[in-house]
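Below: a set of structures, written as C-alpha cells.
Look at the two complexes coming up: chain A is in both, with chain B in one and chain C in the other.
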Partner chain A sequence: MTRPARLVWLGLLFHFKHLSRNAFAVTATTIWPLVYASLAYFMFQAGSEPEALLVASLGAAVMGIWSITTVEAADSIQRQRSLGVLELLVAAPTPFWTVLLPITIASSAIGIYSVVSTLLWGRLLFGIPLELEQPLLFALAIPPTIVSIGLLGFVMSSVIVRFRAGWAVGNMFEYPVWLVTGLLIPVALLPAWVEPISWVLAPTWGMRALSEAAFARGSPLEDIAMCLLLSAIYTLVGATLLGRFLESARRRATLSLT
Partner chain B sequence: MTALRVALVGGLLSFRGLFSWLHPALFIPTLIVPPLFQVLFFAYLGRAAELESDTFYVVGNSIQLAALPGLFATSQAIAGERRAQTLAHLLASPASRLALFLGRSLPVMAIGVLVSLSSFAFGVLVLDVEIAAGALPLLVLTMATAAFSCAALGIAHAAIALRVRELAVFSNLVFAVLLVFCGVNVPLDDLPQWMSTIAQGLPVTHAVEAGRDVAAGAGLADVAALLGAELAIGAAYLLLGLALLRYYEFVARRRATLELV
Partner chain C sequence: MNVVEAVDLRRTYRITTGTIRRRSRDVEAVRGVSFSIREGELFGLLGPNGAGKTTTIKMLNTLLIPTSGSAHVLGFDVVRDARRVREKVGYVFGGDRGLYERLSALDNLRYFAELYAVEPRRQRVRIDELLGLVGLEGRERERVESYSRGMRQRLHIARGLLHDPPVLFLDEPTIGVDPVGARELRALIASLAKAGKTVLLTTHYMFEADSLCDRIAVIAKGEIVAQGTPQQLKARVEQSGVVEVEVFGIDQESIGRIEALADVLAVTVEEQEQEQLLIVQTAPGAELTHVILAQLQGVAVGRVAFREPTLEDAYVQLVTA
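Right after this comes the complex of A and B.
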C-alpha cells in the first residue's frame, strides 16, 4: 500500500513542477480564467445582480481548474506516447494507474494558480473584497476540490487512452462541464434534466464547498464529503477502465500506433 | 497560373493536413462542438445576469466564432509545417509567398463561415431565438466578412509562428481579446471607454454590430458602412500579416532559426 502511495505522491510532485514550467499550462491556467472572470464581472455589473460578482470570482477560478484538467489530463497519455515512454511505462511492473493518476491530479493542482490569479484580479481591477466568512473551511475545501476534479480528468484520460488526439476530446468537454456544474450559471436556470448530471461531476460540489465557505451560506463539509466520495468512485472507475483499454490496446498491438 | 495552383491546391492540402493526417473526425471536437457550447454558455450567462436577450448572444458569439479557425488553423498551418519538418523546404521553394499564405487562409475563411453558421443554427434551435428567414442571406454575408477579417488577423499572428514555438498560448490570448473587447457578450457601451476604443480597430466588432442590426431587421444599405469597416480592418491586418511574414522569414533565414525556435 505504501509503495503505490509513494509513487503517486512523487509523481504528483514531479508533474506539478513540470507543468509549472510549461508556458502553455501556466498561461492557460492563470490568464484564461481571467477572461471569463472579466466577462462575468462586466455582465453582472451591467446587469441587475452586482452581488453576484463575488460568486463570479470563485466560479471562474474553478473553471480554470477544470479547463487545465481537460487539456492536460486528456493529452497526458499521448504525451507519454510522443515521448516514447508509454510502452515502457505500461510494461513496467508498477500499475499504470499509479503513473497516470498523479499526472491528472497535477494538471488540476496547477489550477491553484487560477484561484490565486482570479481572486487577485477581481480584487485589484474590480474592487471585489476578499472577505471570506470561513477562511479555514475555505482553505480546507480547496484540496478536495482540486483532487476530485483531477480524478474526473483521470476517468476522462482512461477512456481516451486509445485516441491519439485526446486533447481534442478533452477540449470538447470544457464548456459543457462549465455549463452544467453551476460555476457561473445557476443550475436552476438550466433544463431540469441537467441537474442529475451535475450531481456526478466534481466541479459542482467543489464550487458549492468553496462558495458556502466563502459566504457562510451553510456548512461546506457535506460538499467536501461529496468531493471525497466522487474521488473514490472516479479512482475505481478510472483504474478499471484504464485496465480494460490497455489490455485491449496490448492485445491488438496498437498501444504506440493509435 | 502556377501561383493560383499553389494557392488553391496548396491551401486545401495544408488545411486537410490539420485534420486528415490524424483523423477527419477531429474536425467535430475541435470546430463544431465547442462553438455550440460557447453560444449556449454565454446565452445562459446572459440570462443569469439579466443583461441582454438570447438573440444578442447567439448572433454575437456565432460571428465571433469565425475567429476560431481564423486564428488557430492559420497559425497551426505554419506551426504544423515546422512540426512536419517541411517549413524549410516550403520557404526554400520559389513559390510566391502571397500565393502560399493566402492559399492557406482561403479554406480557413470557408470553415469560419461554416463554424459561425452551425453555432448560429444550433443557438437559434435550442434557445428558440426568432429571426426572420429573409435576414439569413445578409447574416451569412456578415459572417463571411468576419471570417475574412479574422483570417487576416490569423495571418498577422501566424507570422509570429516563424519566431516563437508556443503559438497556441498567443492564439488563445488573441481569441480572448476578441471575446472580451469586441462587444460579443457585453455591449460596447458597458465596457470601459478604452476597451471600446480598442475594439474599433479589431476584427469582429463591426461584424457583430452589423449582425445584430440585420437580426433586428436592417437591410444591406443600413449595414453597408459596418461591413465596409470590417473589410477595411481585415485588409489592414492582411497587409500587416504579409509584411510580418516577409520580415520574419528574412530574420529566420539570416539567423538560421527557422526550425530551431
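Right after this comes the complex of A and C.
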C-alpha cells in the first residue's frame, strides 16, 4: 500500500471511530432518515406500489448520507479547530489533503447507519419488502456511493479551511441537492436545466446505482463508474483548492480561529 | 552551529471591529524579532501574555507565514521548505486542547505516528518507549477525556516526540498544570535537552526559564528587549534594589504616585491572601523606602523589606519599561 493510500485508509478508520463515539452524529444519521422515510412512505402510499415504497426508502437513506455529509463533513474542519488539532494536523509533514480527505469520507461513512436504519424502519414499521434483485451489486454500490458523497464534502471542507463561515453555506446545500439529484422526486419531473447539474453531483449516481441494483432495471456498474469518476474529479479539485486555501489561511492567520 | 535562526521576523494581524459598520486595522504582533539557537541549546522566549511568543513560534513551525523577515530551522526556510521544517520539528503546546478526547492515548499516538511517517514496524516500539518516558504506561488504553491536565500535557509531549525530532518547540507546556505536575514536566524537558534535543521554550514563568534555559530572550510588545543567559539578565538589575511593602487595600492612585517618583524603575502589586505585596524596583544607590511609605497615606501597611533583585525583577523591569 502506498503511503498516501495508507494514510487515507488509517485516517478513515481513526475518524470513523472518533465520529462513532459522537452521540449527536450517530443519532442524527440514524434518526433523521427515519423521519424522511416516514414522510416518503405516506407520500408514496397513495400509489401503493411496493417498488415505489422501496425507492422512497432508498432515497431517504441516500438523503441521510448526504445530510450527514453536509452537516458533519462541512463541519469537520470546525470540529478539528474546536478540538485544537487543526494546527497540529497542518504542522505534520504530510500533504494536508491526505489528512482532510479521510475526515470527510468518515463523516459520510457514518451514513451507513442511515442506510441500515432506513431499510429496517421501512421493513419493520411499514412492511416495505426488502427484496433486492441483485444483493451483491447492491452491496457493491454502497462504498462508491458513500466515498463519492464524502469527497463532495471534501471539496466543501477545503473552503472552510480558509473561510470559517463556509460550514453555514455547506448546510444550505442540504435540501437543494435532495431535489436536484432525484432523491425526493425523479429528476425527469424537474425543469430540463436541472439535469446537467445532477450529473456532476455524486448522490445522483449513487442513488441510481442503488436502485438499479435493487430492482435489476439495468446494470449499476455504469453508475458506480460515474461515482468513481466523480470521486477522482472531486479529489483533484478539493486538493487543488485546499492547497490554495491553506496557504491563504497561513497568511491570514485563520487556522486557529474557532 | 545554529539550528534555529530568526532574522527581523515581523507579523501583522488584521483586526476587524463592529458588526454592521466593520472597520479593520493592522496590529503588529511581532516587530522585528531576531535570535538564534545553537545545537543542543534550551532557549527560552520569556514574555507576558500577548507579547508575541506564540506568534513567533507559529512562524517558526510554518503555521503562520511571516509578514516580513526570514527564519530557518536546520538550514531550511520556514516558508519555502515548510515540509522539511515540519519533519525536523516537534511542536507541543500547553492547555487542554489538541487531542482526540473520545479516543485513547494509544489511538492518538498511532494516528500521529502515521502523520509523522514513523515506520509502521517501529510505531509500536516507539509508542511504548514514549509512554514510558512520559509516565503513561498502563494508562494508554483509557480515553483521553478521563485524563488530568498533567497527563494530557505529558501525552502532548509524547506526541511531539513520536518522529524523534532534533528540534522541539514547546509553547507554554506547563500552563495550568498543578505544581507537582509542572515540576515533573520541567524535569522531563530538562532530560530532553540533556539528550541532545534543541529546545525552544516559551513561558511567562520566570523561575521556569531560570531553572531550565541556557539562554533567554525577553519579549514584550512584539520586540525582544533583552537576550542572554539567566545570569546576564540578572546582572542587568544587580546594582538596583527592591523595596517590598505589605499593604492592605492599596488604590490605583497611590500606585500612580509611586510610579511617578524619580529613581523608581518598576512597580508591581501581587495579590496575596488578605493583603497585597507592593514591589518597587529602584535605581542603583537610591534609598526610597521612606519616600514610598509617604505615598501610602491612608493605606494600612504591614511588613517592609529591602532585598536584592531576582531574575523576576529583571523581567518585570524589562517588560514594563
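Everything below uses one rule, namely that the second predicted complex is superposed on the first by the 247 of 258 C-alpha atoms of A that agree within 3 Å, B and C clash if a C-alpha of one lies under 4 Å from a C-alpha of the other, contacts with A are read in each partner's own complex, and residues count from 1 in each chain.
Assume a contact is a pair of C-beta atoms (placed from the backbone, for glycine too) under 8 Å apart; a residue touches a chain by one contact, two chains touch by 3 or more.
Remember, it's a predicted structure, so these values are computed and weren't measured experimentally.
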Chain B versus chain C as contact partner of A:G11, first or second or both or neither: second
Chain B versus chain C as contact partner of A:I224, first or second or both or neither: neither
Touching partner for A:A168 - first (chain B), second (chain C), both, neither: first
Partner chain in contact with A:I110 - chain B first, chain C second, else both or neither: neither
Contacts of A:V62 with chain B and chain C, given as first, second, both or neither: neither
Partner chain(s) touched by A:A37 [first = chain B, second = chain C, both, neither]: neither
Which superposed partner A:L83 touches (first chain B, second chain C, both, neither): second
Partner chain in contact with A:L54 - chain B first, chain C second, else both or neither: neither
Partner chain in contact with A:P93 - chain B first, chain C second, else both or neither: second
Partner chain B, residues of chain A touching it in the complex: 23-24, 27-28, 31-32, 35, 38-40, 42-49, 52, 164-165, 168-169, 171-172, 174-176, 178-179, 184-186, 189-190
Residue ranges of chain B touching chain A (in the complex, touch as defined): 22-23, 26, 29-30, 33-34, 37-38, 40-42, 44-51, 166, 168-169, 172-173, 176, 179-180, 185-187, 190-191
Residue numbers on chain C that touch chain A, as the complex places them: 11, 13-14, 58, 61-65, 83-84, 86-87, 89, 91, 95-103, 107, 110-112, 114-117, 120, 159
Residue ranges of chain A in contact with chain C within the complex: 3, 6-7, 10-11, 14, 17-18, 21-22, 83-85, 87-94, 99, 247, 250-253, 255-256
